[in-house]
């Protein structure tokens, strides 16, 4: 067991999978000698050589389609897209090539590629470098979408993603890369599609992913100070959604707050809210509270950006609303 | 590009390719009739007049090579040796089709014969082929990826990105532009700032070759040369095959934009007639015999395909990540 | 008052707006001489000349960004994207350029462009030509999204979209183009953002848009045969959503069925379901029923495609579930 | 491209441009200090060594012309005559900034001076400029659109699509590629299959010009020539300005990839020193005086910008479609 940063945990997962399987290759912008702008692929060029760790031109649409083509021919490419804001450039390849290929071709190919990217606001990176576009990728059948909050999950899920026969969109968060956590040394891959209860409680269920899990846990702490014991679910996988864990918790607490860092309208949290209200209709004692990013392009100036983002305070307030 | 008959070269080979072109023509004749009879769904894209490109280029490939096709893929499919009956099964949406009826006419794939695959996103196959070529290179297969695309597709962003990356990485890919003078209804002169797409190869420091696309042997040898370069590690080649779409863009074309003069000028360059001419007058009786056989074969394939059952709607109830 | 087809109504709106305002220009693939593959811009080249009706190369990403640039400099471009399946190619320009411009630049520019496209399955057009990607565009702040079901609305809303200072994504449906309806001759533009009750009823509210409104009306007919009077709401605008009309109806009927032709998971209907359950929690007598496309790439073969799509029968069954 | 001083040409003009370049350099010096002091958010992209490109090119424009910039826009902003204080206000996220602090350093726009605008999507401004040029052409303004972009951006799909459309439509646009040898940390030789981006102009039948990007007068005259062509209805020009980024890609650059030899080779070509040299030894005392004035001006602008208030978070509560 080591204490690692989230970026280091990802780096370890890449290293271990590359050592284990010679068909695992990395590509993306500035990922080779420089090790990636967030240093997730640090030292891997030196360890595995230029044929397996490749810098690319700035050509996200083509890179994504290349992952489709390379993976169907036997490589296991891991593509880094520098910012989640650039996912729209990848979407044609995801929606029109990756999504249909396995089903429409009746299983003739596997598409074992991973598209890693990072999103999230709070760093003053502005409207084009701060978004979480979870909803856009989670909407696409045939893909899996993973969004870990903690270093241990980051490592174990990235390993699973690399071994998976389907395309996996792996969503990281710029403000989590430096966060520390215990990471088991020889952890096996963690199954994709399983949420995790990261805090138990009986009064209300807080459901989040990625950095919003940290905010939800902080909210739970505040609520506990007021005698309210919140259960916190870290989704870890956004598609396929682990409804079993979610519904069981809501049937126990009878209340739910759902949070996603993307835009609220038609966002990922709408799926959570809808799924819960549809399946747990008779168990719910209060309307599901849904929190997301303000429906605006993300502003740069600190007070504006802060006002746009969901946070622990807003989550705690929403939880209290379910208890009124 | 003259209308003179090609030098016969290897007459046995030319006869084989002649037969393949005729098979494509007969297939499309049958399809047009089937479409009128309401046996197919959606518009069908025929390649009358362009058969020499698909047939000639695929004739230069080896079994391990892989092809990405377009919405106009009949010559590519048959050139690559796909079964008439299973191609037709797919077009008729039957369980016997290459993709169990899920793909339809524009997206046919046959992994075993390296057809991966048809594509109805214009330009969509180009970057997929670059990814395939990357895998073929990284896995030391000695194989090449050939990407068919149109003059319209040459204007897409991914075409540029793909050529740049393929040239930079010296990937074993052949970019085969079928210049048939139209992208749907708009003339190439209204879509491309240059007449010869091949000129753009200079922008990627790769060879750009213009070939008479109605001369099946010329297409074959240009492709063979490009494949040899690719296998030798010398990287990609852009081949521009000048040809002409003798009918509408699809069975739903309402016409009116291809001038009578233009069509008349191209009529004598029909690649099938040119191949026949090159085979000389002695070929005539043999031709009649071949055509009778081919027609019987195509008719039998239609009958078999139309007799096959439709897939079961229960396919859709499979779990999302189980495709077969 | 004339009886017009949906495509004709759109054509009339374009003609009237072009006649009224010389800054209105049309561009897209095959829209000029050919009049568009669905004939929506028929004859407009002849009437308004080549400077105002322009065919483009196949370059959707650039065309969308051009609409952003041209509209901020004083044109009112109406862009046709041939199939909604190609929207992913437009998304970078929509998400990263169009969405932020007005808010982030503090109102310095207007962006009065319209992106028209058509989606929808049921025509056997296959996985890459049948999708409804409503959820992807409806998620984007700063855009408006319109999806008319009837010719009269198609005309009146397209006129409003052209006059609007914000980017409007105008979603048409391939199976509606030939549908007939009464269209007032001198109808004023219809305000964007207003839903319409197209059938009144007290037992259950069916909420849909585009072609699914037709299915919902058919379901209501069936239900009426069984003595159940359903209210049917045609959303007409997907963003901003007219929650007022929806909530008032649900508070009256206490039951809701929401339908969207896009994929169900994380789709547009999730927003409807969530919004209703959150706001009408105490008014609902049964869980909201959510219908969408099966979470699969859309298959070609008729029985498979039919099984994937929501339809009147499924809507009626869902309505009855709310009444159990 | 030699390191010899440019011919002085018009000395008064050169002095003006010298002063503008120095102003940019001082601005960036101040920004680096402010960044270290924690007064800015996110990484800042400076253009040390490239000032002659932005300053020279904008000097060739007229008031009605419009410019799209990049993430590295300081020379473009000041070249276009934007106020130092309001640029700084934006960078400091203040209400006094050009966009009230919403845009931040990468997205600054000033409609009045035709700066529309900064862009942090690499390549994102290029097709926007094509759209702007279309409007300028259609509205008979006689104005031109100038799009700055990097050698990295030249590899993006939209760059290709944009040049093709601009050439086809003979749009009044100038494509100005600032070739500074790097796209982030990756050398141009690893990103572009050709050394000279200008070669690609042949693929669009438009003029492609290579100019010494560290010679401010040379950049200015190449741009003036292109602008004259554009205004005369002769269409677009691609100008490739060869220059060098003398510092890291941003304030968060961890370095290590620009070789000492390379940096040493470029140091004597500093465009500011070259302009000074061209102005002759007599310029020295005048230079000292100018620099003192400029430094005072820049310092005053910093002080004023830092004293301005932050915007009110209430901005976010405006209705979605009201931006000011």
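Each chain carries a letter (A, B, C and D) given by its place in the written order, and its residues are counted from 1.
The rule is simple: contacts are C-beta pairs under 8 Å (C-beta built on N, C-alpha and C of every residue); 3 or more make two chains touch, one makes a residue touch a chain.
Here the structure is a predicted model, which is why all the values come from computation and not from measurement.
Taking each chain's centre as the mean of its CA atoms, D is the chain most distant from subunit B. The highest number of C-beta contact pairs joins the chains A-C.
The distance from the centre of subunit A to the centre of subunit B, with each centre set as the mean of the Cα atoms, comes to 40 Å. Spacing of subunit A relative to subunit C, judged by their CA centroids, is 30 angstrom.
Distance between chain centres (mean CA atoms), subunit B to subunit C: 36 Å. A straight line joining the Cα centres of subunit B and subunit D is 45 Å long.
In subunit B, the residues that touch at least two other chains are 100, 102-103, 107, 119, 121, 124, 155-158, 161, 164, 168, 190-192, 320.
Shown for subunit C are the residues that touch two or more other chains, namely 56-57, 59, 61-62, 85-86, 92, 96, 100, 103-104, 127-128, 141-142, 295-297, 299-300.
For subunit A in complex with subunit D, the residues that touch the partner chain are 29-30, 32-34, 37, 55-59, 61-62, 85-86, 123-129, 294-297, 299-304, 306-308. Contact residues of subunit C toward subunit A in the complex are 61, 85-86, 88-89, 91-92, 94-96, 99-100, 103-104, 127-128, 131, 133, 135-136, 138-142, 239, 241, 262-263, 265-271, 273-275, 277-279, 281, 284, 286-290, 295-297, 299-300. Those residues of subunit D that touch subunit C in the shared complex are 66, 68, 98-100, 102-103, 107, 109-111, 116-117, 119, 121, 124, 126-136, 138-139, 145, 157-158, 161-162, 164-165, 168-169, 320-321, 323-324.
Taken together, the subunit D residues at the contact with subunit B in this complex read 155-161, 163-164, 167-168, 190-194, 199-200, 202-206.
Interface residues of subunit A facing subunit B in the complex, by the touch rule stated above, are 23, 25, 51-52, 54, 56-57, 59, 61-75, 77, 92-93, 96-97, 100, 102-109, 141-142, 144, 166, 240.
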